[in-house]
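Two complexes follow with chain A in common, the first pairing it with chain B and the second with chain C.
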Partner chain A sequence: MLLDLVDHKESINRLLARYGVKFGIYKNNVFHEQLFPFDPIPRVITRKEFDYLNRGLSQRVRALNCFLADVYSERKIVKDGVIPADFIYSSKGYLPQCEGITPPKKIYSHISGIDLVQGRDGDWYILEDNLRIPSGASYPMIARDLTRQAAPEAFTRRHVLDNRNYASMLRQTMDYVNTGGINVVLTPGRYNAAFFEHSYLAERSGAVLCMPQDLAVEDNKLYYRSYEGRKMQVGAVYRRISDEYLDPLCFLPESLIGVPGLMNVYASGNVAVINAPGNGVADDKGIYYFVPHMIRYYLGEEAILKNAPTYLAFYEKDRSFILEHLNRLVVKDVSEAGGYGVVFGSNLSAGELQKLADAIRTEPRRFIAQEVIDFVDLMIVDGNEQVPRKADLRAFVLAGEETQVWPSGLTRFSRNPDSFVVNSSQGGGFKDTWVLSH
Partner chain B sequence: MGIISLERADHLYWIGRYTERVFTTLVTFFDFYDQMIDMDLNAYQDYCKMVSIPDIYGDSGTFSKRYLFDKYDPNSVYSNLERAYDNAIVIRDEISSYTLAYIQLALDHLQAASGSAAPHYDLQQVIDDLHAFWGCVDDRVDDEEARNIMKCGKYLERLDLYIRLGYPDRDIERGYSKFVNRLDKVHLKYHENCRRKLDEIVGSGSVKERKDEAVAAVWNFF
Partner chain C sequence: MKVLQVQYEIRLTFDAPVTDHYFQFRCLPTEDDAQTVETLKITVEPACAVHERIDGFGNRMFYGEIPEPHDSLCVRMDARVRVERELISCSFGKRRMRSVRIETSSTGIAGNPETEPEPVCSVTAEIAQYSLLNSPAGEVPGIVYAYPSELTRPDQVMREWLDAVRGGYDSECGFPEYLMHRLYQRLSYVQGQTHVGTTAAEAFALLGGVCQDYAHIFTALCRMAGFPARYAAGMAVGEGATHAWAEVWQDGVWVAYDPTHDCMADDRYIKLSHGRDFIDCSVDRGCFRGAGGQQQTVYVKVAETSTLPDMP
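Up next is the complex of A and B:
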């Protein structure tokens, strides 16, 4: 099955190059732009399996949105002892500046990128939640379009749900929370790693791609300014700039890529910011442990999708377990992202294990440890042969009038046979994700 | 959407300038290249003087390679095409992925031609890509003002090169007419004295006699 696509690898990659499907990476402080390696063999998910994932992921994002609303207002979940206050207030993602702010339609995480893997037992496990500015949806979206051009016959016999509706889902999500005005995609600029995505999503969703200097705050409203002096009100900002750089009057004063005064406009309900500032507290690797508890607490339901078995070094009992089994666990530094700060105990020397153990003892809040999930390999084309490689799935959940999962996703794979790390910044490639209509 | 930011107007204008610089440079380069095959090996020196770039090349063979393909030579065709790409990529949503793709293709074809023993033949593909690019601009860039700003850049660059390279008066008049036609449809601020000067020089057919004044008026136009 799907072998017919293998023959089209070159033509599809040629089309991807034509349309500039690239990502940026900094090596030794020098920016390099490179093509994102694409593998033509898609991950295939049956409709039944997708329906299950849809229920589980929607449930998770609904609970996370409830958590964000709670944690920046009444903090009932802390008062009721479900999550220790330490885990919230010591999180780098918790922003006191967001306390008391209610975003339009009370949605905090409009676009959530949830990373999952499928274990060899067939079960899906959530690896992490990305609720700040998850990227990646544009790649399978354009890859599908180009694969259909290069290999139309591959789709005639199979019943694959069209994933090219992501831009219209995004548009609906922006329109739903728009407070009156145009939609813009705010990018820090050409030298951002995900710039292709910013520009492509703007084009496809009909939003205006803008740089910070295109925007200005006046009378507590946000405007897009024209070169001849006109201005147009902005109702929704899909920002692809990190919280700390978003507004120099509120966060880092040295930020040159923010919009001064934006947070005031947002706090006054005069513009929607997608995703809401402050979401980092909910996708903190330490908070991940508590998501099933949140689901129970806010929704009165049991989590449909499982977390990977996780231990918090913060808890003494868990810490002892971690230190005892360090050589078989994967340890994650909660302050890192992009596949960095992830250490497999089995790869460490005795000295390195000791150093890691010391760090865990010294700063327990900084680390979580997880059992290594033996997740399924997917076949990729490597030269003239097909070889198995580790792959995860980033599913995109969009919360607007309703919370729904995009029927596709970014499947990332490791090109290194011995690695579990799939991030593009570390040499990984991507696949399309097909959801069958039956 | 009918509103163009200052930053975006700047990118639109410079896409026009850089794509036209590459296009006209390539077309003109072929004339000089033809001379350098077996007639005048030093013809490139005149070319450098005409377009006011330093002669860092030393001989015609080096010139043919570096001026076309050297990414570290800021005056090379490759560098100018890269600048066109840099300006285009940040306004993908305005010009569309289809249009942007022709600049990417031109870059790819230029790079692929770098080892060629017959650049005239291989670089025709780059010229074709740029023709397709402008066709795509007319077809895919919905905002009329955006198209006009791009064409302001395109025709001002053309005018500049035509004047410097000694093109016939008729070509210069036609280029200038196209430029002012677009200029009057946009809201770009410019120096009116430069326009008056160009009206006078081009209108009187005295570009060759007053070349330096004409070049300066173009240089200072915006």
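Up next is the complex of A and C:
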């Protein structure tokens, strides 16, 4: 099965290179652009399984949106003792500047990238939530397109849901919160890690791709000025600039890639910012532990999808468990992202274990520990053979009038046979994700 | 109670005309339980449309933009403000007035302005009482101010000093007040050795600085001791410039301390904003396009117009 695609590995990768499907990494302050290696064998998800994932993931994102609205207004979940204040107010992602701001339609996380893996037992486990500016949707979109070009016959015999509808889902999401005016995708520019994605999503969704200098605030509204000097009001900004650089009047004053005054316009309800600033408080690795509690608290439902078994060093009982079983757990530093700050106890020497234990004792709030999930391998093409590699799935959940999951997703795999870390910044590759129509 | 006449003027002048100037000012008196704004007038030159909103910390601010070339920006605020601030005595051992608006307190005593309050519980109990890890923290309005911020992150030297101060605490006054007195003995007011970006830990190592540094250090130490504390920016009678002090969440009310002068910030203080540290409170933030230098002059005047209490 799917063998017909194997032979197209080289040709599709060549096409991807020609279309500029790259991502950038900064190493020692030098910008390197790399191709994102594509593997032609897709991950295949049945319709039944997808329906289950759709229910679980949209439930999760609905609860996370409730949580964000609560954190920046009434703080009921803290008052009711469900989540300790420490995990919210000492989080780097919590931005007091956003207190009291109600985003259009009360949606905070419009585009969520939820990472999950399938265990050997067949169950899916959530690894982390990405509610700030999750990237990656463009890769399976364009890979599907190019695969269809290279191997059209592969799709005539199989009933695969078209994933190129991401563009229209994105457009509907922007239109739903748009306060009047055009939609724009705001990119920091050519040297951003995900510039390909910014330009591709803008082009496909019919939004205007713009750089910070193309936008300006005037009389408490946001305007786009085109190359020819035409001025148009902006109703929704899908910004791919992180919170701290978004507006030098509100966050880092030294930011040169922000739009001065944007936060004032947003706070006045005159533009939608996608995703809302301040979302980092909800995708913190420490908060992850509490998401099933949130689902119960806000929705009165039990979580459909499981978290990986997680221990919080903050709680004394969990801490002693972690210290006792350090050599078999994976420890994550809550303040890091992108696969950094993740340590597998089994890879550490006795001295390193001791050092880690000391760090956990000194700053318990900084660490979570998880059981290593033995997740399923997917086959990848390696030269003339196929070999199994660890892979996860980043599912994209879009919250507009409804909250729904895109019937595809970014499947990332580790190219290293001994590694569980699949992040592209750590050298991983990607696959398309097929959802069957039956 | 005092009625203060307040003037604040900031003038930015540029060596060469600038364009695309975005500005944002936090120079309006806050309106809260302590301050009632009776009259307020703002002028901006060159004339332009301004908008006002409340920021995430609860401060009033106004903002606007001047796209056309201009070589200066002047903002002037005139206000009359009635000030009635909660006070705690500010001398060792003696307690004249105490905060009165206690709704619920864990010691179970409701405050009463007419009577001398009971002596407070022992220091360890008092500190534990505010320890956020042990209390339903969501109930604390000051929760945002319970954690270190960029300019108030303490270091090991401050931690050790605080431990020593805690160990020596045998005074009848509340711990924040005791801490302020001890800090005043340790620090000296020195201009020029710190700047607006100096952190509490840096200024503490230098053994002094200006009001901003005193406020940062005191705020950082209070938070470490378990008291939510915030940085306050404003003006005071007799100060020819803007001033900074701190507010500490105690017994269900914000109590204002002026660590630079080792006293309570009383009705002669006008608050313009508060936040986690100076960064949240900067009076003016802006950016513009243009080459050449800029100068900034600030004029501040605060005068008492009446010291008589309101007639019934």
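We take it that the second predicted complex is superposed on the first by the 433 of 438 C-alpha atoms of A that agree within 3 Å, B and C clash if a C-alpha of one lies under 4 Å from a C-alpha of the other, contacts with A are read in each partner's own complex, and residues count from 1 in each chain.
In this section, a contact is a pair of C-beta atoms (placed from the backbone, for glycine too) under 8 Å apart; a residue touches a chain by one contact, two chains touch by 3 or more.
Everything numeric in this text was worked out from a predicted model, so none of it was measured.
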Contacts of A:Val6 with chain B and chain C, given as first, second, both or neither: neither
Partner chain(s) touched by A:Ala202 [first = chain B, second = chain C, both, neither]: first
First, second, both or neither for A:Ile182, with chain B first and chain C second: first
Partner chain in contact with A:Arg190 - chain B first, chain C second, else both or neither: first
Partner chain(s) touched by A:Val372 [first = chain B, second = chain C, both, neither]: neither
Contacts of A:Tyr227 with chain B and chain C, given as first, second, both or neither: first
Chain B and chain C footprints on chain A, overlapping residues: none
Touching residues (chain side chain B, partner chain A) in the complex: 1, 3-10, 86, 89-94, 96-97, 100-101, 104-105, 108, 187-188
Residue ranges of chain A in contact with chain B within the complex: 17-20, 182, 185, 189-190, 195, 199-200, 202-203, 207-211, 213-214, 224-228, 230, 232
Chain A - residues contacting chain C, complex: 75-81, 84-86, 89-90, 95-101, 216-220, 248-249, 253, 260-261, 264, 267-268
Parts of chain C lying in touch with chain A, wherever the complex brings them together: 20, 22, 24, 49, 51, 53-57, 63, 65, 67, 132-133, 136-140, 143-144, 146-147, 275-276, 280, 285-287
